[in-house]
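Once you've had a glance at the structure underneath, I'll fire off some questions.
Labels for the chains are A, B, C and D, by order of writing; each one numbers its residues from 1.
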Amino acid sequence: MIRLHGVSKIYPNRVAALVNVNLNVERGEFVFLVGPSGAGKTTFLRLLMRHILPTSGHIIVDGRNICRLRQWEVPYYRRRVGMVFQDFKLLPAKTVYENVAFALRVTETPPSEIRRRVPEVLRLVGLQDRAKAHPADLSGGEQQRVSIARAIVNRPDILLADELTGNLDPDTSWGIMDLMQEINRMGTTIIMATHNMSIVNRMKKRVVEIDCGRVVRDEDGGGYRGEA
Amino acid sequence: MIRLHGVSKIYPNRVAALVNVNLNVERGEFVFLVGPSGAGKTTFLRLLMRHILPTSGHIIVDGRNICRLRQWEVPYYRRRVGMVFQDFKLLPAKTVYENVAFALRVTETPPSEIRRRVPEVLRLVGLQDRAKAHPADLSGGEQQRVSIARAIVNRPDILLADELTGNLDPDTSWGIMDLMQEINRMGTTIIMATHNMSIVNRMKKRVVEIDCGRVVRDEDGGGYRGEA
Amino acid sequence: MRPSTLRYYIGESLAGIRRSTSLMSLGTIIASFLVLGMLGLVFINIYHISQFIESRVEIRAFLKDGLSASDIRGLQSRLSAVPGVKRVSFISRDEGLKRLKAQLQDKRFLLDVMEENPLPDAFDIELKDPRNVKSIAATISRMPGVDEVNYGQGFAETLFTTTRFILIVSMGLFAIIASLVVFIIGNAVRLSIFARRREIEIMKLVGATDWFVRWPFLLEGIMIGVAGAGLSCAVLVVLYQTCLDYVGSGMPFLPLVSDPFVIAATCLALLFAGAVMGATASWVFMKRHLRV
Amino acid sequence: MRPSTLRYYIGESLAGIRRSTSLMSLGTIIASFLVLGMLGLVFINIYHISQFIESRVEIRAFLKDGLSASDIRGLQSRLSAVPGVKRVSFISRDEGLKRLKAQLQDKRFLLDVMEENPLPDAFDIELKDPRNVKSIAATISRMPGVDEVNYGQGFAETLFTTTRFILIVSMGLFAIIASLVVFIIGNAVRLSIFARRREIEIMKLVGATDWFVRWPFLLEGIMIGVAGAGLSCAVLVVLYQTCLDYVGSGMPFLPLVSDPFVIAATCLALLFAGAVMGATASWVFMKRHLRV
């Protein structure tokens, strides 16, 4: 489903964040992306979102090179990809409810459908009581969960999650991970960048380790650290 | 050194983030603040920073009620308190170097001193190479480390750390925790809100657990979860 | 477009207006339109007054002595046929003396010392465009029966140079200031969009099309433009009416434009300019933020 | 304050100006000052021209026939002693006729038909403030030896009403537009500070005093204000010089202000206004963001 051929990303300030990455991810896979701080995980996910374009190489999703999408096609591609951003990227002027509903509004979902699905997904992340709050009035973990709710509310084909549990306590984290597994079972491909060792170790999924912009390990059912 | 008497904080939207908190922290202590997402940890730290004022109760630091500080005294109080913010709060228009140097500039530290201490502390957090970058060009973990560098550069009496390792990989996290212990040994009182179970469990420090705005546990050398 | 989406756009743009960045631009826009509207009215009045003053320039053709009544009638119809002539009226020498007395006012004593009326019969000739006075006067002076023509030679030329200068300067000033005001309004909208560039980026990242992001901003731009122009129109009309009343009672000789149609047209022009400027400014300045 | 801190303040404010929010306000401020400066010059000229026209109002006092030379000299010194009189000059009847001929231009034929000079000797009396013409004329008319006074009765009153009206309207317009411009500039600075409110909050949280945060903003406000005013002054001076040249060659009778001192004073006033407005706007609008 997702194929990367020799992908490199060098930022304008000449930092080489990714170097010659080759990777295949099949439909319905659950992949952990691990590696030290600054390794290039977020860069990897931003490339898949078509938030940024690679300096060289091809990224093929469902047979289409997403680097060649025309400007007007990009939004339609992005609707199939949900992303939980490391810095949440919530709209400060909108309430929690409106932030989540926004992902449905852009697809012109009928209002009745929006009114049904938003409270449902807010309940899943445990925020049903905070629907009317604004992002600035939320705790860090609550903001993170709003971002999760927004990413999953329109049932994307691919879910990219960046540091999904960085601001969550272990219990809430496990609740969210159960949710992720549920979503994954329903057919969504999940790529998740994380530093949470215990989650990676316990879930026994495919683990791709990046270091200094290179893929240094790609192991099915692996742990946070390689066997070496 | 820090004394809280019946401190409550009710936000304008009527969320009671802290309810009747009583706590003493002695000089040179190292306290972990744990609890589920939305429990009130950040609120607790913001009160100690005098970023917000409590709805009721007193907060005494070094014998002074910081809720009664006059407007002009607040900056001088804050210089004695370093804080690592959950959302980093870096100045987007300044480089990494300037962000860290800013905490020294406000105290009118001589330029020679600034030129000595900033690179030193950037080395401690492993960012010597990124000194000229702007926050927007940094990875999440790098931003977090800039925030840490800024908090410790002027050697505060009290260090408040909110989710210090949320965006850091385990190795970097332990490096930072070693640094914290070093700083603590040199006499700085540290209060650290965290969800990182393995760090809390391994460090065996005093643990204060908050749930729904109340202190539910206060245990020396405890783990992330109580014995129950 | 679904009706729910339309409703969403309108709701969003109203919400946008309520936010402080937009309110600040609204203030700037009202102020700018007030400046524009005031100067516009001043300019219209300067134009009107200069037209009025120029229209006072007419030709007086003095007749030779001893023309018969039919000669005079014949001359009158030939004068009326000259291209550019609007109206020709006969002034008998007695009528002429009466008017001269009224006109000379404080120099009336000049006439008192005269034994007989020194004036000949004459025609007063009003022109369609007073700026042609010189050539028409030349034509008329060559007609048989005409002794001498008089249109305030010298004075008329000076008058035309002066009114043309004042018109050019005020039009130039108005044009420069209008473009400055357009610039100021554009800048206000730009700054307001700039303050929300992060939001635009987030919307695009969540899968919004350019148009989905743009519509609320465009509507907001139009609403702010129209509201700003409308409010300043209201203020303008009140101020101008006060001015008209004051002039009407104290200086009836000053010919200000009081035609309600002209004033309404000015207001409509402002409203239209508001809508167009709000929309284009939003459109143009959003462009670069949409490239995500 | 340490020299290093001062250097920091200046560096910060320069860095601030280079950021796009400030550049946008700079554009708005230049445009606003141009509007202000142009209208200021127009207003100064309107005032100057109306003063010039009013200064043409003077009193002509006709003398009784048969006064001796010493009578005339005595009258002249008594006239000069009347409060409000600036200068008194004697116009003999021959001189008077010569001037009247020049003045009547197209009505000269009136004089041609006269056998003898109908004029008496007269004094021309210039006034310190032409607006007092009526009462001074009344005083003079009662003096022995004076037959009649003439100052364009009726016309002078109309002229004064009109110039006063034009002055009031243009001053009112200038005052309103000036306050609108002040408002626009204030808003631009406010929006620019609003876009950086998070930064101000962060600075305060890191332990900066209000003054430490404020200084760079104040300096930035002053620099932007002065730069905006300075640039618009340069444009203004060029535009105005063009205008002066044009008028000087084509309409020498139009008395525009060309005194370099007045123009320099206008520019200085703009620069000063720029500095003060930049500083106060920064100060006022930063206040609420500093309460952290």
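Please note the rule applied: contacts are C-beta pairs under 8 Å (C-beta built on N, C-alpha and C of every residue); 3 or more make two chains touch, one makes a residue touch a chain.
Bear in mind that the values here come from a model prediction, so they are computed numbers and not experimental data.
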| item | value |
| --- | --- |
| Touching subunit B and also subunit D, the following chains | none |
| Relative to subunit D, chain with the most remote C-alpha centre | A |
| Centre distance in Å when subunit B and subunit C are each reduced to the mean of their C-alpha atoms | 66 |
| Interchain centroid distance [CA atoms averaged], subunit A/subunit C, Å | 61 |
| Inter-centroid spacing, subunit D versus subunit C (mean Cα positions, whole Å) | 24 |
| Touching two or more other chains - residues of subunit A | none |
| Where subunit C touches two or more other chains at once, by residue number | none |
| Chain-level touch network, classified as line, ring, star, complete or other | ring |
| Chain-to-chain touches, reported pairwise for every pair that qualifies | A-B, A-C, B-D, C-D |
| In the complex, subunit C residues that touch subunit A | 1-2, 4-5, 8, 15, 19, 199, 202-210, 212, 292 |
| In the complex, subunit A residues that touch subunit B | 11, 13, 15, 34-38, 41-42, 86-87, 133, 137-142, 144-145, 162-163, 166-173, 195, 197-198, 224 |
| Residues of subunit A touching subunit C in the complex | 49, 51, 71-72, 75-76, 78-79, 83, 85, 89-93, 102-103, 105-108, 110-111, 150 |
| Partner subunit D, residues of subunit C touching it in the complex | 20-21, 24-25, 27-28, 31-32, 34-35, 38-39, 42, 100, 105-107, 109-114, 118, 150, 152-155, 158, 161-162, 165, 169, 173, 176-177, 180-181, 183-184, 187-188, 190-192, 194-195, 243, 246-247, 250-251, 253-254 |
